[in-house]
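These notes are about the structure you will find just below.
Chain lettering (A, B, C and D) follows the sequence in which the chains are written, and residue indices restart at 1 in each chain.
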Amino acid sequence: MIKVAIVGGTGYTGVELLRLLVTHPQVELTAITSRALAGTPVAELFPSLRGHCDLAFCEPDLEQLAACDLVFFATPHGVAQAQVPELVQRGVRVIDLSADFRLRDIPTWEQWYGQQHAAPELAAQAVYGLPELNRAEIAGAQLVACPGCYPTAIQLGWIPLLEAGIVDPGQLIASAASGASGAGRQAKTDLLLAENSDNFRAYAAGGHRHQPEIEQTLRGVQPAGDSAARVTFVPHLVPMVRGIHATLFANLRSDQSAQELQELFESRYRDEPFVDVMPAGSHPQTRSVRGTNVCRLSVLQPQGRDTLVVLSVIDNLAKGSSAQALQNMNIMFGLDETLGLESPALLP
Amino acid sequence: MIKVAIVGGTGYTGVELLRLLVTHPQVELTAITSRALAGTPVAELFPSLRGHCDLAFCEPDLEQLAACDLVFFATPHGVAQAQVPELVQRGVRVIDLSADFRLRDIPTWEQWYGQQHAAPELAAQAVYGLPELNRAEIAGAQLVACPGCYPTAIQLGWIPLLEAGIVDPGQLIASAASGASGAGRQAKTDLLLAENSDNFRAYAAGGHRHQPEIEQTLRGVQPAGDSAARVTFVPHLVPMVRGIHATLFANLRSDQSAQELQELFESRYRDEPFVDVMPAGSHPQTRSVRGTNVCRLSVLQPQGRDTLVVLSVIDNLAKGSSAQALQNMNIMFGLDETLGLESPALLP
Amino acid sequence: MIKVAIVGGTGYTGVELLRLLVTHPQVELTAITSRALAGTPVAELFPSLRGHCDLAFCEPDLEQLAACDLVFFATPHGVAQAQVPELVQRGVRVIDLSADFRLRDIPTWEQWYGQQHAAPELAAQAVYGLPELNRAEIAGAQLVACPGCYPTAIQLGWIPLLEAGIVDPGQLIASAASGASGAGRQAKTDLLLAENSDNFRAYAAGGHRHQPEIEQTLRGVQPAGDSAARVTFVPHLVPMVRGIHATLFANLRSDQSAQELQELFESRYRDEPFVDVMPAGSHPQTRSVRGTNVCRLSVLQPQGRDTLVVLSVIDNLAKGSSAQALQNMNIMFGLDETLGLESPALLP
Amino acid sequence: MIKVAIVGGTGYTGVELLRLLVTHPQVELTAITSRALAGTPVAELFPSLRGHCDLAFCEPDLEQLAACDLVFFATPHGVAQAQVPELVQRGVRVIDLSADFRLRDIPTWEQWYGQQHAAPELAAQAVYGLPELNRAEIAGAQLVACPGCYPTAIQLGWIPLLEAGIVDPGQLIASAASGASGAGRQAKTDLLLAENSDNFRAYAAGGHRHQPEIEQTLRGVQPAGDSAARVTFVPHLVPMVRGIHATLFANLRSDQSAQELQELFESRYRDEPFVDVMPAGSHPQTRSVRGTNVCRLSVLQPQGRDTLVVLSVIDNLAKGSSAQALQNMNIMFGLDETLGLESPALLP
C-alpha cells in the first residue's frame, strides 16, 4: 500500500482526488490538510464521501507528511513551491496539481503568476506529468508537475501534428471552453449560478496563464529547426459543471489526405490507455468523458481546405487534474496505469 | 461469473446498467437487445462506453436469453410481461426494471397503464425489489420487479414512520422533483433543453402511475388495523439530468421528540449499506448521490409543530433504477450486496 | 413625470427595477445609490443597461432623495428602517422591497430577523403591497412594504380558499422552489454554478423568514372566527436563474366540485390584470411568466380526494419583487396599473 | 397600422416574433398560419401569450395573406420559395426568416440545402436584411431575406476589418457557440435536456450551411482586388436556451495599434442603434443581449501579436432572427428603426 497525504483538500481537485483515492486498491490515505477547516470531518464538507472517508481535515504537519510515500498538493499556486523542497529533501515523492512547477523558464513563470518563484531549482528537476509524452521520466520522478486542464486537452490534440511538423507552427489557434468547476470552489460573484446559467462568455482573451505552458510543451515536441510554436488561446466559460472542449485550428503545410491524418493520430495514441481517437468526422462530447481520465479526439478537414480542425475533450477535474495525478501515481509506483481509473463516464 | 443479458438497452436505464455491469467483477455480459438498432455497436450509440463494451445491439433471441443466468428488462412497460413468462419457465432469473410487475393488484395496474396485463399470474409471484424491505424474498426470487424511481425515494423516507404507526396515514403528502433523464431518452418536444432549461414545472399533478405503487408498499408495512395509507403525490421536472428529491409531509399522531425521530430512522436503517440517515436538520442534495446506489434522508420538525418533513434524495437512474437492479442481482446470486456499487458520487 | 431614486441598486432586484424603470414613460430616474460602488457607471456593472442608463452609482444623499417623489429601497433588511423615517417625515413616498416593514408584529420581526427594529411605529403604518388584497390602501399609502417573493406566489394561490373558508386552515402545506437569483447577488460558495447546476435541494426546511409573513396575510383574509392559518413551508433551490413555483396542499372541509373551485378562483381574480387562472388541470411553468408581473395559477383535485393542489408561478424578481414594486408605484401615482409592465414573457 | 401575417408560427422564431409584434404600436396582427395546429389558440401552445394574443393558428389562405401589407415567413427552408412568388406578384411585401433567399448563387444554395430552388429569379431580387450593410436597399425592398443567426454575429464582427482590408482574408476562423433554441422546436433525441445539460460539443464542424452565407457577405464588402474571403467555421452547442457567441480570429496584415482598431470599430458602428462596441478588453456576455436586438462586440489583440480576436454576441432568436426581422420591417415602413425594440436585456 502507498501511504498518501493530500495538502489542501477543500477544493474541487481535492474532492475529486478523494473520490478516486478512497476506492483505489493500493492506496492508504493518511491525511488531508486544511488550515481553515482543521478538525472538520471531510464528509461534513463533502457529504458525497459519507461512508467512504472517516478522516477530518488536519493542520499540515511536516513529520506526518514526511512519513508518507507520496504527497499530493491540491493547493493554489505559490503553496507547493514553499513546502515541497523540504519534503523532497526527506525523500518523499510529490505530485503537484498546482501550476508551481509546470514552467521550466522561471522568469516566464514569475511574469504570468506575478510573484517570485520560491524554488526555481526544483522547477528544473520537476517532470511535466503528461504520461503520453513523459512516461519514462514520470516513472522515476520524485516531483511531478501535473499539467493544467486546458493544456492537457490542447496539447494532446496538437502533439501528433507538431511532432510530425506538418502544420504551420506560427498560426496555432485554440478556442476552448470549460465548465465552471475549472474556476475552483471560490466565493466569487462572477461564478454564481445566477450569473452564468443561460450565459456564455470568453474570459482572459487577452492572455491566460495556460498559454505559455502550452507553447512550452509544443515547442518541446517540434522537429529540430522548426520555427517556434505560437499559440493564440481564448478560453470560454460554459454553464456546466465539468468538462473542457478544445477546438483547435492549424494550417496544413503539405498535402495530407484525411485518411493519413486519421492514421497519424491513431498510430500516435495506439498504446495510450486514456487517449481515444474517434472515427473521422466525429464530434466528441464533454459528457462522454465525465468523471474519467479519458481524452477523446477527432480530426476534421472542413471542406477539404488547408485549415485542420482538431476537437479534444476531457473532464477538467479528472484527466485535467486529479485523475491524471492518479495516472502519474500509478506510473511512479509501478502499478497498472489504469488502476482505479477504469470506470466509464457517467452518462447521461 | 453470472451470465447476463439486457433486453432493451438503448434508453437511459440501459446505458446506466451497462456502465455498472462492465466493471462488475462477477458479471459476463453476453447480449444487449434492440430491434431498432440491431447491428449497431453499443459504443457507437453511447461513446462513453468506447473501450468498455465491444458488443453490438442484437435482435432478441429466446435461445440466447434462455442460456443466461439472469436477464434484465430495461424496456417500456408492456414488453416484459409478454416475454418474461417463457424465460421464467425455462429457469432464467429476471430483474424487470419496468413497471410490469410492480403492482400486485392487476385491475389497478390495468387502470393506470391503460392496457390488459399479459401475465397476471407472474405478477403475483414477482418480488418487489426494495432490498430494505424484502431482502430475504429477493434472495430466493426468480422474478424481481424493480421499484419505480419516485417510489424508491418516497418509500424509504416514509417506511420508518408508517411501520411505527406514529403518523396519520390518511394525510400523506409527497412533493417530489426529478431530473429530465427520468422521462427517458424519447424524442419529445416537451423534453427539449430549450423547453426545460431555466424552467420548473409540476406534471401529472392530477395522478401519476407511481402513486398506487407507493400506497401499495406503505400499506404493506403499516401495523395491522391501521387505516390505509393515502398519498397525495405531485411530481415536478427540474432542469437537471439526474436526481430525485422527495419532500414528504406527515402529521405526527403522538408526542415524539426530534431526537426520538432521529433515532427511529437511524435504527431502522443501521444495517442498510445504501441508506444514509443524515444528522438532524440536514438538507440532502441530489448531487451527493449522483451515480450511486445511495438514498440520503433527513427528518425535520419545522418549528416544533406536528407536521413532520422528511427529505429524501436518490439518483433516479441508479438507486431509482439500474444500480438498485444490481443490488438485487448481488442479493439473488449471493454476492456481497455492495459489489460493483462502491464508488462515491461524482461531485461536483 | 415621477422623480424617482433607488437606494441600493447593485443587486438583482436593483437591476430588475432599472430594466423596468428605464422604459417606463412616466418615470424620471434621478439617482441610484451604492456606497461600495459610488462613481461606477451603472452600465459598467450591468452591461445590459449600456445605452439605457447614463447614471453612475452615487453616495446616498438625504437632500437628493428628499427631492424625489418616490424612493425605492432595494437594500438588505435593516437598511430601510434606518433611513425611511426621515424621508417619510419630509413627505417622500417610499416603496421598500426589503423585509423591513412586512411584518406588523414587531417581536415576530425581531425574532426572525435577529435584530431590534429601528422604526416600529412606521411598520404599523406601512401598507403591505399586494395589490390583489390592498389596492385601495396602496393608492393612498406613503410607505409600501413590497411582499416577499415566496409569499407573493403562495398567498395568491391560497387567498381564494382561505377567504371562502373552505379548507382546513390548520393543515396548510407549501412546497416551493426558487431560481438562484432569489438568493441575491452575493459571493457565497453555496450559490456557485458548480455547486448548484445539476442539483436540487431543500433549504431552511426548519424555518424560513417568509413563513410568518405568509401566515400574517392568510390570517388577515380568513372569515371571523375561523381558527388561525398554520403553514408548513419548505423552500427549494432550482438550478435556474429566475422563477418561483409553489405547490400548495390544503384539505377541503366541504364538498366542492372541481368546477366550483375553478369558478371560485376565476371570479376572485377576474379583474386582476396580473393574475391568470389557467384552465382546470393545467400545469403552469415558471418560464411562462419570466420577466413579467404575472402570477399564473391552477387548481387541481388529484383523484377527486379531499386534498386540493394549487400550483402558482411567478418570476421572483418581477412579480416577486421589482415589477410588483412598479405595479404599486403605478397605483400610488394614479397611473394605469399595467404601465411599463405590458411585455409578454421571454419564452423560450 | 401595418397589417401583418405570419406564415409558420409554431417554432421559436414564431413565438419570438409574436412576443415583439403584440406590443409593437404600429402593427395589426391578422393571421398566424400552421397547417398542423390550425384551430388551436396561439396562447394554448405558448401560455406566455395568454392575454396578449387572441388569435388561433389558421390554415394558410392566399387571399388573407394577400390582403396584408407584410407577411413574415417563419418556416423551414423550402416553404417560402414556394409561396412567396405569388405574394410578391400581388404586391405584398415579405420578410423571410428562413434561408430561402439568403444566397444569391443558386447552385451554391442547391448544393448546401440539397434541393432545387423553386424561385431563383426572386433570390436575385431579394435584399439581404442586414441593416448595418443594406439599410437603403431594405427601405425599398419588396422581399427581404433575414440573415442567419451565426452569420449576423460573425459578419458584424468582421465587417470593419474586411472593409478596411487590414486582415488576411484567406485565414478567417470563426469558433461560435449557440444556445439550444437555435436548433428549433423539434422533437429530436439529441436536443433533449438530458442529452445536452452539463455538456458541450461542436457540430457540423465539417461544413455548416451558414458558412457560404458568411463568405458571400464578407466578399461583398472587401476592397476591389482583394483575394476572396475564406472562412473556417465551427459551431458549438451550449447548454443554454438563447444566445450566440462568436470568437473570431484574423491575422493583421499591417501594423495597427489596439487604439486604432478600437476606433475603426467605433467609427464603423457609431450611428448603428443596435451595435454596441464595448471598451477595449471587454468580454461581452450573451446574457447582456438576451431578448434584445443588440449585437455587442469587442476587439482584442492577445499579447500584442498579429492574431486579432473579435468577440461578438447576439440573441440568436432576436438580433439573430425575429427582432432583426422587426428592425427590417421598421425600415421598410419608414418607422423609427428602434420602435418596439427598446427594452433592455433580461438580466440576470
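Going forward, contacts are C-beta pairs under 8 Å (C-beta built on N, C-alpha and C of every residue); 3 or more make two chains touch, one makes a residue touch a chain.
Values in this document were obtained by computation on a predicted structure and should not be read as measured data.
K.L.:
Just grab the chain with the largest centre-to-centre distance to chain D, centres being mean Cα coordinates.
P.N.:
Of all chains, B has its centre farthest from that of chain D.
K.L.:
Could you quickly compare B-D and B-C and let me know which has more C-beta contacts?
P.N.:
Most C-beta pairs in contact, of the two: B-C.
K.L.:
Could you please state the distance in Å, as a whole number, between where the Cα atoms of chain C are centred and where those of chain D are centred?
P.N.:
37
K.L.:
What whole-number Å value describes the gap between the mean CA coordinates of chain B and chain D?
P.N.:
Once rounded, the distance between the two centres reads 46 Å.
K.L.:
Just give me the whole-number Å value for how far the CA centre of chain B lies from that of chain C.
P.N.:
The mean C-alpha positions of chain B and chain C differ by 39 Å.
K.L.:
When you check chain C against every other chain, which residues touch at least two of them?
P.N.:
Answer for chain C, listing residues that touch two or more other chains: 12, 179, 181, 185, 194-195, 197-198, 239-242, 284-285, 287, 290, 348.
K.L.:
Going by the contact rule set out above, which residues of chain B touch chain C in the complex?
P.N.:
The touching residues are 171, 173, 175, 177, 179, 194-195, 197-203, 205-207, 211, 230, 232-234, 236, 238-243, 245, 247, 249, 251, 281, 283-287, 290, 300-303, 305, 307, 309, 311, 313, 348.
K.L.:
Using the touch definition up top, name the residues of chain A that touch chain C in the complex.
P.N.:
Per the touch definition, chain A meets chain C at residues 12, 179-181, 183, 185-189, 191-198, 239-241.
K.L.:
Name, in rising order, each residue of chain B that touches chain A in their complex.
P.N.:
It comes out as residues 12, 15, 18-19, 22-23, 46-52, 181, 185, 197-198, 241-242, 276, 278, 282, 284-285, 287-292, 294, 296, 342-348.
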